[in-house]
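Chain naming follows the written order as A, B, C, D, E and F, and within any one chain the residues start at number 1.
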Amino acid sequence: MRLQLRTWPEVEDYLKNSAGIIIPIGSTEQHGPTGFIGTDALCPELVATEIGQRQNVMVAPTLSIGMAQHHLGFSGSITLRPTTLISVVCDVVNSLRRHGFNRFFFLNGHGGNIATCEAAFSEIYAESSLGIAGQNQPSVRCHLENWWNSEAIKEISKREYGDAEGSHATPSEVSLTYFGYPEDGARVKRDELTPPVAPGGPIYDATDFRRRFADGRMGSDPTLSTPEVGQELFEASVRSVGQAYENFITAE
Amino acid sequence: MRLQLRTWPEVEDYLKNSAGIIIPIGSTEQHGPTGFIGTDALCPELVATEIGQRQNVMVAPTLSIGMAQHHLGFSGSITLRPTTLISVVCDVVNSLRRHGFNRFFFLNGHGGNIATCEAAFSEIYAESSLGIAGQNQPSVRCHLENWWNSEAIKEISKREYGDAEGSHATPSEVSLTYFGYPEDGARVKRDELTPPVAPGGPIYDATDFRRRFADGRMGSDPTLSTPEVGQELFEASVRSVGQAYENFITAE
Amino acid sequence: MRLQLRTWPEVEDYLKNSAGIIIPIGSTEQHGPTGFIGTDALCPELVATEIGQRQNVMVAPTLSIGMAQHHLGFSGSITLRPTTLISVVCDVVNSLRRHGFNRFFFLNGHGGNIATCEAAFSEIYAESSLGIAGQNQPSVRCHLENWWNSEAIKEISKREYGDAEGSHATPSEVSLTYFGYPEDGARVKRDELTPPVAPGGPIYDATDFRRRFADGRMGSDPTLSTPEVGQELFEASVRSVGQAYENFITAE
Amino acid sequence: MRLQLRTWPEVEDYLKNSAGIIIPIGSTEQHGPTGFIGTDALCPELVATEIGQRQNVMVAPTLSIGMAQHHLGFSGSITLRPTTLISVVCDVVNSLRRHGFNRFFFLNGHGGNIATCEAAFSEIYAESSLGIAGQNQPSVRCHLENWWNSEAIKEISKREYGDAEGSHATPSEVSLTYFGYPEDGARVKRDELTPPVAPGGPIYDATDFRRRFADGRMGSDPTLSTPEVGQELFEASVRSVGQAYENFITAE
Amino acid sequence: MRLQLRTWPEVEDYLKNSAGIIIPIGSTEQHGPTGFIGTDALCPELVATEIGQRQNVMVAPTLSIGMAQHHLGFSGSITLRPTTLISVVCDVVNSLRRHGFNRFFFLNGHGGNIATCEAAFSEIYAESSLGIAGQNQPSVRCHLENWWNSEAIKEISKREYGDAEGSHATPSEVSLTYFGYPEDGARVKRDELTPPVAPGGPIYDATDFRRRFADGRMGSDPTLSTPEVGQELFEASVRSVGQAYENFITAE
Amino acid sequence: MRLQLRTWPEVEDYLKNSAGIIIPIGSTEQHGPTGFIGTDALCPELVATEIGQRQNVMVAPTLSIGMAQHHLGFSGSITLRPTTLISVVCDVVNSLRRHGFNRFFFLNGHGGNIATCEAAFSEIYAESSLGIAGQNQPSVRCHLENWWNSEAIKEISKREYGDAEGSHATPSEVSLTYFGYPEDGARVKRDELTPPVAPGGPIYDATDFRRRFADGRMGSDPTLSTPEVGQELFEASVRSVGQAYENFITAE
């Protein structure tokens, strides 16, 4: 149930049975020489869309641009400043709460979004906690879930890629996008990268990042990516995230 | 050429020949009982994607949430406050200018975005004009184009719908989305609405809007929408917007 | 009835009969070699003051500084960033609504203000529509009217100046200020400018603007300006804007 | 030399000899039953205009709306929030510095503006001091002068009004406006108020203010105001402020 | 009674008898070659802590970083921009008002904080005065008191230091910190500085400040500082500020 | 080496050998019936001060107020909104970078600060990465370290408290403060709480928090706290954090 493809009376009906919604949130940033710039948005979008269909959950339009300042040294990367992203998350939640939604499940595809999203949730709660405006409004709960956050997924990644998984432009996330967009995947796939496994290290600003990570990868070998593993990861994520959503919605 | 499905080396190559990019911008807001909540984002996304393919233009991810405060009386509508949307547009442009993009063509699907986007462009230019930061950066140009902004499109709308076109939840925009999403269109289509043609009037806040426009339409009869007319509008828009993009890119 | 020259008990009396107010808004920006920097503020101020007297309407102090970033390449121009102007408009409206004003008629003298003012109105409405604070406050309506926005005025401009009217530093607006400030007009008037009619073109940042429009004019020949035509325009504007105000105040 | 009545070439000429400008700043707020709502803007405007003529100093348009939150309990009062006023002052200074102005002399008419203006000056300096943007721009100096800030003026007030001068809606400031606007002064003048001299006290929010100061006056008896004393104050202020401006401009 | 060393039930008990709190606010900025960078925070902290003990007043944690942009030319100085400090003060007051505190006594150690703190208080009151949020909350009062603001203190300073007191890095404030931190005082004390008494002058940005005041002092000779005079000042301040607090708390 | 007790020439000397600084950051929030409201600020302050002495590291004044919106249901708790805390962290770092500091080691005492601090770091980096201002300034690195973040500490906590450690108002943090402030600890200590071990659960806004956690504890039994265990934790933290600081400063 994509919110974008529903009418307002359909949403009104939905709200009679549920106050929950999934909001995919990603990023638009380089993912090495063989990964899509949209990887972090496409992954949660694919998973959320499937969960929306299987479990009759409303899915908001994907917030495709996230906090990616460190990738700006590579062409095509876009960032929102953290304070901008906080404003966006606040406005989205405050809009939907007016209609009766009160359980906001952000399905995230980008590690760099986590801190800012948690800060945004606190900004929303603070309005209520400070008694500024919230006393007029129903209480809300926000939750951030990463699509890769389950034991089942970690097992697949470990089994298939081991130490070549790395932490950015990983073969797992690239596989998932190749599964979702096989033609584009075939276009960009390469047989080898140099070095095969990219170095690791800390993250500071974009200039420092490019100096450390010459082609954008962090500790990974995404040439190992395949649509087949992508499909396996997709199924595992749909199951585990779908369960996490149910837990969130039904929690006391 | 969807930016999301490109790698950073591909974007780097693209920038050798062009500094232009199309950024679809829409809204997530009610479009009457038979229009999709995503209408204003889906329309420019459809048109931009096709232009991207035909003319080899880079197309950024759609900014699906716009300025729609007046629709918040209807379930599912989401707004960014104007100041939030200004921050988003600034961050997107300032990110991409770092890579060498300097012609930003926003393809818009929502009348309510126009003022705020123009204000955002001025905010970007003001940084340069005030000499605060812009002196370190190349000059940029931003342009907002509405997908329906051509004589050819207006002729089709007038011929097919006449006075029933209205100004919100119009049969033209609804037709375009039915063309793009025929199955969902078939689900929500109705044979009649009451009254057949919705009233018109000014726009203030959400409570006032709902009072004036009982089912969300403004002056329109979207039951006249068909995928066939949608396809005709789509082709006309792809041609006229495609030409407008070329004019923008090549202007002195 | 200038608000500045009234006492608070007089305003309290006024509010027993009317909840409307005219707020002149202009700009402080170059208007070519023969136009006053204050043109865009002086014009609506002159018209609003006269309407205030004739129709017993309260007139707020003129917001003399607007959004004029593109003129900063010419000495004396001042701009508010769009986000600053939005804050100003919000604060003015939110102050006056406390007293019972709820119909805000902004009489504008500068095309560059339009988008930002409309964005500001949406920012005000959004507070209410999002249910953050507005639920404690009466509903308000804002309207932006340009002083030149009537058929009668356009006819005078066309008859007197034809293609030499242009779009910035126009002989019409300059004439209106020469009518209002004849001595200063006599000081700055010139018999000719080179070229007689300035070029036209798009607007980006201040550096680009100065490159395109060497003396600040856009498509106009303001040497044609006279106090006599200014007076005619003044009378036409007072009538049409006065009527527009009445329509706004009495609208359902 | 009102900036509003000058052309940009005239300003360019002015800048060859001076980098100084006077910016009148006031407020739009109740001044008791017999004082104009515009008192605090009209006073510095009158004085600044005269100094501009006598000493050939450029005078910016008056910032007529200041920080007056405590007066919002009385009809007609308008405030900018302090953070908004800070943005306005920053934008005005940053605009004019681009042209070569670097000595900003704010002539103030409202005690409630002082703290916020000083904070705004620090905000401007902080940009430079933090090395964020200022390193690209010439150093600037801002100064706030109250029009009543001289021994000569205090002597007149003391001689004429003694303890009835008070601190808000004072007979001195009301006299100055009666001198400037005699017809309006005659309309609003009263022979007595009850009590003759208003109470004094601290300032908190608007509700508290109205509770303490029933008709808006603070410690004053403005029925003593006359145009004659106003003229005397005007002359004294023009002299002392004119001297203060020269001192500021020529200081090392 | 340091808030930091209390439990929440203890605070709840305290609120049964008092709604007042002392909030020390200082700065972290150079104080010449022999003054601590923390001088302006340490002084009010010492005084407030003692008052808290003697008079059973709750004392909040010290806001140690203030508005010190002009000192950034000297190593170790830290500033908050005025707009940041306003946000901090607003959040602190809005947090504590929720618990029932409504008398906020800021004990200040830095002249440069005064304007910004007063602006912050107005920002807090404006929320209430504009009717945005305050109508849901109890009325509050804020007061700024400088620790040196009494006749008794001025007499000691005059008697001990006369013209060598100056206005920054004064022997009085340095003495107070030597009293509080005698070992560190002994380490940094010097017998003479060149020139013995520093020059005076106005304050603009950090570069200008360093040019005028070569070693950071303004008009002072802090080599005269002693712990003994510091103790005398401490006692005088504890008495006068303690009384000022009582006056504030019990005022109508 | 407390920055507050140093002079600017001493800081200048320090910078010849090191560009690193420790910035303790905490919170002011309830810690159950037997924990100090300042626990989260006092703990990193104690540890940082000791490391500063042992390792000759400059220690900035403690940022004692953090992000604690969820605790506002308990008296005495204070929060900064996340956006305010971001501004504070940005200003502190941007101030110190001017002097030559470029390694910012935030020693944190509060889990609720982590996300917001990480967002603040990204906001700082984004300025540089977007090329707005950072190109004028040296590159900086920020790091957040929690005082409890070492195996040695976790072992002590596990050995002493096991499952009674919990996640808020833990016996470990309370012990550390009892070690630092033994007299106050003796005052507030209790023999038992009901229930002995508090419940666990998720964190949303303040009202929800108080409903879930009746006396403020989360999963802990802080009656087990002793100064002796506090001392052991203190020593372990000083060692592990001291090492982490060295690693950060010397990293490539």
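Basically, contacts are C-beta pairs under 8 Å (C-beta built on N, C-alpha and C of every residue); 3 or more make two chains touch, one makes a residue touch a chain.
Nothing here was measured: the structure is a model prediction, and the numbers come from that model.
With contact taken as defined at the outset, chain A and chain E are each touched by C, F. Looking at E-F alongside C-E, one finds more C-beta pairs in contact between the chains of E-F. If each chain is reduced to the centroid of its CA atoms, chain A and chain D end up 53 Å from each other.
Chain A and chain C have centres, each the mean of its CA atoms, that are 46 Å apart. Counting partner chains per residue, chain F shows two or more touched chains at residues 72, 79, 81, 83, 91, 95, 98, 129-130, 133, 136.
If you draw each protein chain as a dot and join the dots that touch, the picture is not a line, a loop, a star, or fully joined; it has some other shape. The full set of touching chain pairs reads A-B, A-C, A-E, A-F, B-C, B-D, B-F, C-D, C-E, D-E, D-F, E-F. Chain C meets chain E in the complex at residues 91, 94-95, 98, 127, 133, 136-137.
Chain B meets chain C in the complex at residues 67, 69-70, 72-73, 79, 81-83, 86, 112, 114-116, 118-120, 122-123, 125-126, 128-130, 134, 139-142, 202, 204-208, 251.
Within the complex formed with chain D, the chain C residues making contact are 2-12, 15, 28, 30-38, 41-42, 60-65, 72, 74-81, 83-84, 87-88, 90-92, 95-96, 98-100, 181, 184, 188, 216. Within the complex, the chain F residues that touch chain B are 129-133, 135-136.
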